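What follows is a pair of complexes built around subunit A, which joins subunit B in one and subunit C in the other.
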Partner chain A sequence: MTPFRDLSLWRQFGAVVLCALLAMALVPSFGSDFVIAFGFQFVTWIGLALSWSLFSGNSGYASFGHGVFFGIGVYATAAVLRHTDAPFAVALVVAGLVAAALALVVGIAVFSSPRFAGDLFGMITLAMAFIVVAVVSNLAFLDGGTGVFVRELAADTWIGESTGHQFVVGTAIAAATAGVAIATSTTRWGAALRSIRDDEAVAESLGVPTYRYKVLTFAASAGLAGLAGAPQAVFLGYVEVGAVFTLNIPLLVIMMTILGGITRWWGPLIGAASVVLVREALLDIGSPELSQIILGLALVVVIALMPHGISGAIPRRRPTATGTTTGTTTATTATTGGAR
Partner chain B sequence: MSLLRCTGVTKRFGGVAALSSVDLAVSEGEIVGLVGPNGSGKTTLLSTIAGSLPVSGGRVEFAGKDLTRTPPHQRAQAGIARTFQVPRPLGSFTVAENVATASMFGRHRTGRVEAIDRAHEVLEEVGLAAHAGAQVGALTLHERKFLEIARAIALDPQLILLDEVLGGLNPSEVAMGLDLISSLRDRGMAVVYIEHNVRAVSSIADRMYVLNQGRNLADGTPTDVLDDARVVEAYLGGPVDA
Partner chain C sequence: MLTTSLPRLRGLAATACAALVLSACGGVVDDEGDDNDAAADLPDAELVAPVAGMTCDEGATPTGEPIVVGGSLSLTGPLAPTATLHNAVAGLVTDWVNDCGGLDGRPLEWRVLDDQSTPGTVTSNYERLIGDGVDFVMGPYGGAATLAGAGPVSRAGYAYPTATNGAPDKLIGENHFPAWQIGGGVDDPARMFDAQADAVVAALESSGNPPSTAFFATAKFPTTLSYRGAVVEALEEAGTEITGDLEYDLGTTDFSSIALRIQTADPDLVYVGGLGADITNLYQAFDGIGYEPRSIYVALPAPPAVADLGDKAEGMMISSIYEHHEPLGGSPVAQYFAKSYSEVAEEEGVFPLVETQAAAGLAAWQILLTGILEAGADNAAVIEWLNANEVETVVGTLNFDGYNNYGADINRVAQVQDGTRVLVWPEDVSGAEIDYNP
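So, the complex of A and B:
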């Protein structure tokens, strides 16, 4: 049975599309400039958290490279707009493809060798981040050390016209990412990734092509992060290496995922929403250090009280794959189940 | 023709040879007992057949194909199932989902709903039906061991590699396990069965291989093998009253 014949999956897809359409219709029309700009950042973080969790949350291979894929999306967009007359849509596609291609190459290299299994993967993605930053800073057609003014490049285009348009694009990307997250929830794809997280050698022994799943899902995760970077380039107006490739991105995304939990696909979404809202609320304190400390403490408290995150703490009421009803808050999900 | 044929299989870890040119042949639908003292290379041989350990030399052929360089998941899909000596259930899956995963990704790649149905059938066979919806953490040792067998069956293999699957169980559980293993042969599956308990293996095996220090020591019918003076000498340390 393919995921697309599963009614519960269809309902979830439908709910995501509905929410996205409502947001696209309402926020740009009725929101203040601040609300639209905040909304844009909000959906961007949701997309980043969901796309990170798509690979790292599901498979257990923590990547510190998510900021790189996002940054590559930003720079690819800037480069396309600067050097060609192509419309933003082309830049968007290029942003996704370049980020996915880098992940594909890194994934093939890393996962081909059992030497790099486990924790070393994280270290390699971190090394990749430093290499990419150095390369981007020194390539004249990308940055050349001066940054790129995207605002002027996009001024006459639809996307550059208003923040509302950037919000619409950002929301569409976040919704698409949520769609992919749903496709890895109770499906064959999801079962494969979670079996890798539980015990990769056992997964192999049960016939799961672990290498293929890891490489392709890592590329998909990176591609979605690249897409999220495209409207960000226009939103920022001026892109520079220091602001775009920050380690804050992978760290915040990991925090959002832990906070939201990975036992359900929408965990990272809840985590991202919580972190963005709390950070915004803490801005009034006027001390970024203090707000970081409060956020950190909040994370510790949540982990202590809800070891499987916010989504993991919400009981399941629907029947699981095996026909029994569970109301527990365990980390287990009906990963291979068809009945949900 | 043999279903499985290992020829001159050698495995070195650094300078240590865990397996030195080991030969093993298994025909369709037979139970082959694989015994030998601790460290004789039984589990290492099993891992080279399952593909989780690459060989340093020799060939592994299965159903007429050379699988020497084939990754483990392709061997599983080709019809080789294995169990782990220390049970390794997938921790975030229920008992039924553990079994269903094998059906989903195994030889016939079933859909999810079909896989869960198949999992329930297999769990029924091994006597774990009551635990289908349970978390694996709730299982006892004997249930975990039988879950290993259930997962292997759900791959619908032609060959099952069992690694001390009855170790640590009480006599009545061992008897149940032996019946279960015999029933696999009745369904046409071949079995390579490693067991510490030589008497248990010899009671159901059609043929036996004895390894010692990573080499073939003897093979033949259980009676012949157990009477072999070299086996008695190397492995049992004295005559057996079997």
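So, the complex of A and C:
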């Protein structure tokens, strides 16, 4: 069966679209201002975790540069709103394209040599972050070190009108990212990426065009992170280099993804949702240091007890000879199976 | 070929978790040493009402529904060392008001949420606080956080007092009541740092020996860059030649190349547009090359960083709005605050002596409390009253006229003299004359 004739695939697409539409209809209409603002952050983190996992989770190339692509999206949006009269939709597209273009350039250069595989790739993405921060800090067109007041620029636009509109855009981006994640779970694209994670040399010997898959997926992953940065620029209202390019973003994204698990496409979604909800719940205990320690230690424990993340600990439904389904854990699917 | 295997990805996640835990542990700078001794020497002070017009009924227990003030502060993350100080001030003021019998007899309650130094979380924190029905809010620490919080606070019609907003040119609205009036006396949004720059130049000129040459080294940070731009312009206008002007990345610790450039230029005045411990690191670099600057001005140093320099800090000039001495420090409110703050700060592990940040923190609370006392526990009424009146605070009399409600010019210059920080400009609040002869 070809992937696109797979009914379960379409059911998953349908579920994501339905959930997103419901959220877009209900949250801005009936949610309090806090629920809408929190919801926006919630979907933004989900989008970031899913987009990181799209490349890094599937291929095993751990990138520390995801926060940079997100930040580029933020600053590209700020620049479009600041220097042109273009509507937000244009800024959104530019945000995604600029982030994807940077990843494409980096990917073409880095993946051309096997020397940059493994940990060195992570170091390169980290170095990329420092370079981008230096460029943004020095170019007055983007920031120049003084920050950009986006709220003023977006005040008379649809996106700037309310947090509800930002939530709608953020949810649409997260849903689109989930759609891409679903696609990689069953298509040849995803299988190729996972074969790179399992053993790149073997994958190549079997004829998988690993270079092309890595470059294009890295760009797609970055582009989606860039898109997520566009409404974030308006949500923040004022963007400055220190706050936008903080190392906390890629660290949290990695943590969320591994917590949720990468053996199923929805693992990062569960991981992001768990971390965001627990962080918010811990705000009430009255000790910020303690809550952060609790969160960090809890995550370490969960990761230790569930080596394949939360999603990996949930039994899969598999057909039996009689046509019924049985539960089984996914310990063996990490190296062989798809991210479903 | 090597890619990152699943166990290694999990290792990465564990490292990320560890980073999170460590960031929580590293939030507060513990200040032990001479400053604690200086704080212990502060005279005992009598309990007085924290704001004018309030009576202090010591021993009376407040009753009724509490007046809840909510705020978002960076209690963890990179902004924590200073934000923790503002939380200490908030807790102190709350206890202070309740020790005096409450606000119109009602208890005051402080509710703080940690934003982890992330502006996005500041926004949702204020949405949450407002959704939970807090009666009033207090602004967060820092320009980006202040502007992130302004959206929900303004939309909900709440008064927005702020202690330190380093982005004075970004318009918040008529509900904004800044204690540190960086843009005081300036109407043009593009020139909001002129008042600070004028204070620097006036202080130097008051010595009779203004600098002929100046070298600028500035951290890449919105407030310090804007401030530097205004000071360069003002000094050039006053006839000072700028012999060097460089920027460095926020978080720089190795200042050796900058120190060498300064040594080569050997200017009359070194202007350090630095934050936090930049000045400590710069002096380490000076020590390494055996150079002693003729004179030095620091924009926004962390108080412990200046104190820890010891004798090297002698003669150093610093941006300020308050130092604890006469006339500002002579009031009963200032005396009580200084003594109480030193005790609270010691418990919290923050710098125990009152200077600009702590004073701005108290002033922001004085603004809010005065508004509530005069107009009642209603945000619209408080906003209206504050816009029409002046407020007596520990940093002086504030009004909220002008662009972004930056009314009065309270930009001042402090200098370290005989190991103590003292205001040297302007004359009406100074505790000593400037000692400047590069």
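Going forward, the second predicted complex is superposed on the first by the 316 of 340 C-alpha atoms of A that agree within 3 Å, B and C clash if a C-alpha of one lies under 4 Å from a C-alpha of the other, contacts with A are read in each partner's own complex, and residues count from 1 in each chain.
Note that in this section a contact is a pair of C-beta atoms (placed from the backbone, for glycine too) under 8 Å apart; a residue touches a chain by one contact, two chains touch by 3 or more.
Predicted, not measured: the structure shown is a model, and the values here were computed from it.
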Message: Under the stated touch criterion, which partner chain does A:288 make contact with: subunit B (first), subunit C (second), both, or neither?
response: second
- request: Based on the superposed arrangement, let me know which partner A:18 touches: subunit B (first), subunit C (second), both, or neither?
  value: neither
- line: Partner touching more residues of subunit A, subunit B vs subunit C, is chain C
- request: Answer with first, second, both or neither: which of subunit B and subunit C does A:238 touch in the superposed model?
  value: second
- prompt: Between subunit B (first) and subunit C (second), which does A:109 come into contact with in this model arrangement: first, second, both, or neither?
  reply: neither
- request: Considering only touches as defined above, state whether A:192 meets subunit B (first), subunit C (second), both or neither.
  value: first
Field: Partner chain in contact with A:206 - subunit B first, subunit C second, else both or neither
entry: first
- request: Report for A:127: first if it touches subunit B alone, second if subunit C alone, otherwise both or neither.
  value: neither
- line: The shared contact residues of subunit A with subunit B and subunit C are 197, 201, 204, 334-335
- request: Sort out for me which residues of subunit A touch subunit B in the complex.
  value: 1-2, 186-188, 191-192, 194-195, 197-199, 201-211, 320-324, 326, 330-339
- request: Could you please specify the touching residues of subunit A with respect to subunit C in the complex?
  value: 32-38, 40-41, 44, 56-57, 59-62, 114, 117-119, 121-122, 133-134, 137, 144-147, 149, 151-152, 163, 196-197, 200-201, 204, 232, 235-243, 246, 248, 251-252, 254-255, 257-259, 262, 283, 288-293, 295-297, 299-300, 303, 307-308, 334-335
Task: Sort out for me which residues of subunit B touch subunit A in the complex.
output: 50-52, 71-74, 76-77, 81-82, 84, 88-94, 96-97, 100-102, 104-107, 109, 111-116, 120, 132-133, 135, 151, 155
Statement: Touching subunit A in the complex, subunit C uses residues 1-10, 12-14, 16-21, 23-25, 27, 75-78, 113-114, 116-121, 123-125, 127-128, 130-132, 143-144, 147-148, 150-152, 155-156, 167, 170-171, 220-222, 225-226, 247, 249-250
